[in-house]
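In what comes next, chain A is part of two complexes: it sits with chain B in the first one and with chain C in the second one.
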Partner chain A sequence: MNDLINVSNISISFTQYVKGLNQRELKVITDLTLDIKEGEIVAVLGSSGSGKSLLAHAILGILPHNANLSGTMMYKGEVLNSELKEKLRGDEIALIPQSVNFLDPLMKVSDQVIGECKDEAEEKEKRAKQRAIFEKYGLSEEVDDMYPFQLSGGMARRVLVSTALLSNPKLVIADEPTPGLDEKSVEETLNHLRQMAEDNVGVLLITHDIDAALKVANRIAIFYSGYVIEVANVDDFSGEGENLLHPYTKSLYNALPENGFNLTLGHQPLHGEIPSGCPYYDRCDHRLENCDKIRPNLISIDENKKVRCFKYER
Partner chain B sequence: MIDKKKIAKFLGYKIVRFAILLVVVILLSFILIDMSPINPVNAYISNMVVGPEKIAKLEAYWGVNQPITVKLMNWLGNILTGDFGTSLIYRTPVLQVISEKFTASLILMLSSWVISGVLGFILGVLAGFKRDTWVDKAVKVYCYILQSAPTFWIALLVVMIFSIWLGWFPVSGGVPIGALSNTVSFWDWLRHLILPAFTLSILGVASIALYTRDKLIEVMSTDYFLFAQARGESGWTLIKRHGIRNILLPAITLQFLSFSELFGGTVLVEQVFMYPGIGQAAVSAGLRSDVPLLLGIVIFSAIFVYVGNLIADVLYNFVDPRIREGEESG
Partner chain C sequence: MELTAKNISFRYSSSSRRILKDVNISIDNKKILGLFGDSGSGKSSLCKILAGHINKYEGEVRLDGNEIPKGFNPVQLIYQHPEKVMNPKWKMHEVLGESWDVPDDLLEDFGIQKSWLNRWPAELSGGELQRFSVLRALNPKTKFLIADEMTTMLDAITQVQIFESVLKIVKERNMGLLVVSHDRNLMDIICDDVIYLDDINHV
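Let's look at the complex of A and B:
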């Protein structure tokens, strides 16, 4: 399988004013490294509000103006700079957003899905395609003329998924596609993602829903306080979790109801109060000598697995 | 389709509100005028020399010494039959004065209302789209200056520049001085209209431009705008498809709500340009104690402003698909 996208050492920060004119840099994502292959589903798993969505916006090049982005991204071996992002977004790279709020409230659904058209021929072609995709997702012709507020939760979800498919994307970024949905709709959404992967599309699933990630993803990147602390194969989340590497991932796995419900005390440090050492230091029960002083790097264990912990450094 | 019952309810409610508003406006202005030292007899005789027995007769004719309740009842009774009385300074029925002056002002107000609305909207969209660039800053400076400058001062500046220095337009009046009404050409009339309309337009631009700018910036930071970008839309098409669509209705609503400011501005601008419209008539009626005309103008301006607000409400409640179709399905 070929690499679709390689994200290495991405950091996203915001300049924030504190007390008068003093500025500080608020790092939301630090040193994020991730790769997605064709036909693979990679989940980025982190708590809500931790800035995961910004990763999606960074790949698409739609970060807010006051955000600073560093690090490199490669798309099919090409450097993914802002010109390339602009060319690819809505075409080879598509976003499935979180909620119906991402649809223009005053525009009919079908008009939004087809996007802007240069001429009538293009519009006709796109409309036909949109109809076919809607049909596939069980959206009747009435839905075409509806406004977003008239859609039910499940319909809105299917419309949002349809927007991604119109351009035959190679990479789909699904940003929190499951919260607020009933079990059946979650299953349906995950099936859509699976179908895409079967069609050789790479999927980046950004979520805080560990069940959804375990059900559908090939690999899972664990996001902790803006850091990726581990990238694990989905098979590693099995048995006693003995194949999981990072202490946080292990405790996360053991906190699941079916694995003992064991709670680790403490909470993730918020942005701006992350210690200089390992972000997990104060909750970790395998502390080493330097853990509170030096921040560990993300090291590759094999082709697919990565971890950010001194225990595994050789 | 639009729900008929809902419209009936809406209009019924509006009519009741309107009736209450009119009663309050009439009562207040009547009481205020009665408390003021205005005397219709003095206004009527103005500079004529009149004997005391004549004055007593006139006072009896106008009911000067009657209690306020009797005066009010008489006046209201007449109004209900469509008689607003006779203007003391124009010596013609009040309704005729008002309809004449209102027509003259309406053209002035309408043209400046349209121009300021369109121009303000365009400037606001430009400023919002090119946020923090020199375009945005220029529009903002222009708007802040106009928002904070008094209307009559701007009007005087306009007269100084365009009439006195450049000599392009007449200084004042509605038609050339000394011209007979049947010799006044359309061009003469237009030349006198341009400066007052221009002044009112550039004044009206400020609020609508600032509002549109803020609204567009707000829309540009919404999730749906972000998603449109993520789908590859960009530049002017993006603004047109998702920006303007979402700010046009609130902007038009605001423009209808500005009828009261438009009326106030017209009064001042007509005064500076001596344009013979409703604003000037209102000022003369006040200064020269023409009570029937003053009360008539108060009522009609209240109606005018109310209609503006009503149109804004209708637009808001029946044009926006979210409110229109939402009500229908739920």
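Let's look at the complex of A and C:
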């Protein structure tokens, strides 16, 4: 399988004004590395506020104007700079956004899914395609003329998924496509992601729904406080999580309702207060001597598995 | 204390499909009720009716047999999409302060950092906003809490944290709680009783 996108060592920070004209830098993502191959589904799990959505926005080049991005991103071996991002987004790279706020409240659903058209022929073609995709997602003809406020949470999600599919993308970034959907619709959405992967599309699935991620993903990356702290195989999420490496991943797994609903105390470091040591230090049960002083590197355990923890360094 | 909805029927406009028909539901402060159903089956619409966010419907909503009092509504709804129910031009302390003065220990229970209070809604993640949305609804005058997919934007550990904090307050203040979710495993843990909306909805 060919590499589709390589994200290496990217950092994102925001410039903020505090008290008048004084500026400060707020670091949100530090040293983040991730790759997706063609036809592969990589799921990104992690604590809320760990920078998952920002990664998506960085790949698309839609970060707010006060954001600073460093590090390199390669798309099919080409450096993904802002010109290329602009060319590819909405075309080869498509987003399924997290928030239903991405829908225009004053525009009929079908019109905004189709977007701008050059001439009547194009509009006709796009309309037919939109109708076909809507049909596939169980959105009846009645929905075409609805405004977003008339849609249920689940229907709005399906509209967003349809929008992404209209341009025949090569890389789909799905930012939490399943919350608010019933089991049947989740299964359906996952099937569509599977279908995309079979068509050689790479999928970056950002989600909190661990069960959903396990059903479709090839690999799972776990985010914490703006770092990738572990890349795990799907099979590792089984039993009592004994094959998972990082302590955070284990507690995340054991917090699932079906695995005991266990609480881990503490919180992830605040934005802008990225510690010099391991970001999980405060909450970790297996602290070693240097954990609060030196930040561990992301090391490879085998071909697929990676972890950022001194426990596994030799 | 009992919140009852009697013979509720609802459609968004006269030309659109009927979403709810003759729905009867009753929530009390003795047990925690769960509500689940397919997407688009009317769960959120029912929640909005219970909390008075929708006024044009057939049927009646009663609190201990009386009409819902004017002014502060003792039935508070926690929305599925927190980013849609926050004024983007208010800082977070204004968003929260509109409802009540939240004590520091509660902020901590919900994992809210003090520095977030000085941010705009757009500067917080979906999960971070959701904590504010939950806390805002927990005004001391709130008697019933309607949690519509309250934790779908949160990671598993934060979900436990929020539910434990909410359940603690619900118990302390002897409030009623309706949990709407798609996660049956979650509802089995939290709720004493679970209702499938299609069983009580006669469309």
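Definition applied: the second predicted complex is superposed on the first by the 289 of 314 C-alpha atoms of A that agree within 3 Å, B and C clash if a C-alpha of one lies under 4 Å from a C-alpha of the other, contacts with A are read in each partner's own complex, and residues count from 1 in each chain.
FYI, a contact is a pair of C-beta atoms (placed from the backbone, for glycine too) under 8 Å apart; a residue touches a chain by one contact, two chains touch by 3 or more.
In this text the structure is predicted, and so the values were computed from the model without any measurement.
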Original post:
Can A:Gly239 be said to touch chain B (first), chain C (second), both, or neither?
Top reply: neither
**OP:** Identify the partner contact of A:Gly180: answer first if only chain B is touched, second if only chain C is, both if each is, neither if none is.
**Re:** second
**OP:** With the two complexes superposed on chain A, say which partner A:Thr163 touches: chain B (first), chain C (second), both, or neither.
**Re:** first
Subject >> Partner chain(s) touched by A:Gln150 [first = chain B, second = chain C, both, neither] >> reply: both
Subject >> Which partner reaches more residues of chain A (counting touched residues only), chain B or chain C >> reply: C
Original post:
In the superposed arrangement, which partner chain does A:Asn101 touch: chain B (first), chain C (second), both, or neither?
Top reply: both
**OP:** For A:Glu116, decide between first (touching chain B), second (touching chain C), both and neither.
**Re:** first
**OP:** Look at A:Glu86 in the shared chain and tell me whether it touches chain B only, chain C only, both, or neither; answer first, second, both or neither.
**Re:** first
**OP:** Please indicate which partner A:Ile62 is in contact with in the superposed arrangement: first for chain B, second for chain C, both, or neither.
**Re:** first
**OP:** Could you pull out which residues of chain A sit against chain B in one structure and against chain C in the other?
**Re:** 64, 98-99, 101, 150
**OP:** Quick one: which bits of chain C touch chain A in the complex? Just the residue numbers, please.
**Re:** 12, 16-17, 36-42, 44, 80-81, 83-84, 111, 113, 115, 122, 124-128, 130, 149, 152-161, 164, 182-183, 185-186, 188-189
Subject >> Footprint of chain C on chain A - complex, ascending >> reply: 45-49, 53, 64, 98-101, 142, 150, 152-155, 157, 176, 179-186, 208, 210, 251-253, 255-258, 261-264, 267, 270
Original post:
Residues of chain A touching chain B in their complex?
Top reply: 57, 60, 62, 64, 86, 89-91, 94-95, 97-99, 101-107, 112, 115-116, 147, 149-150, 163, 167
Subject >> Residues on chain B engaged by chain A in the complex (per definition of touch) >> reply: 221-224, 226-234, 237, 241-242, 245-246, 320-322, 325-326, 329
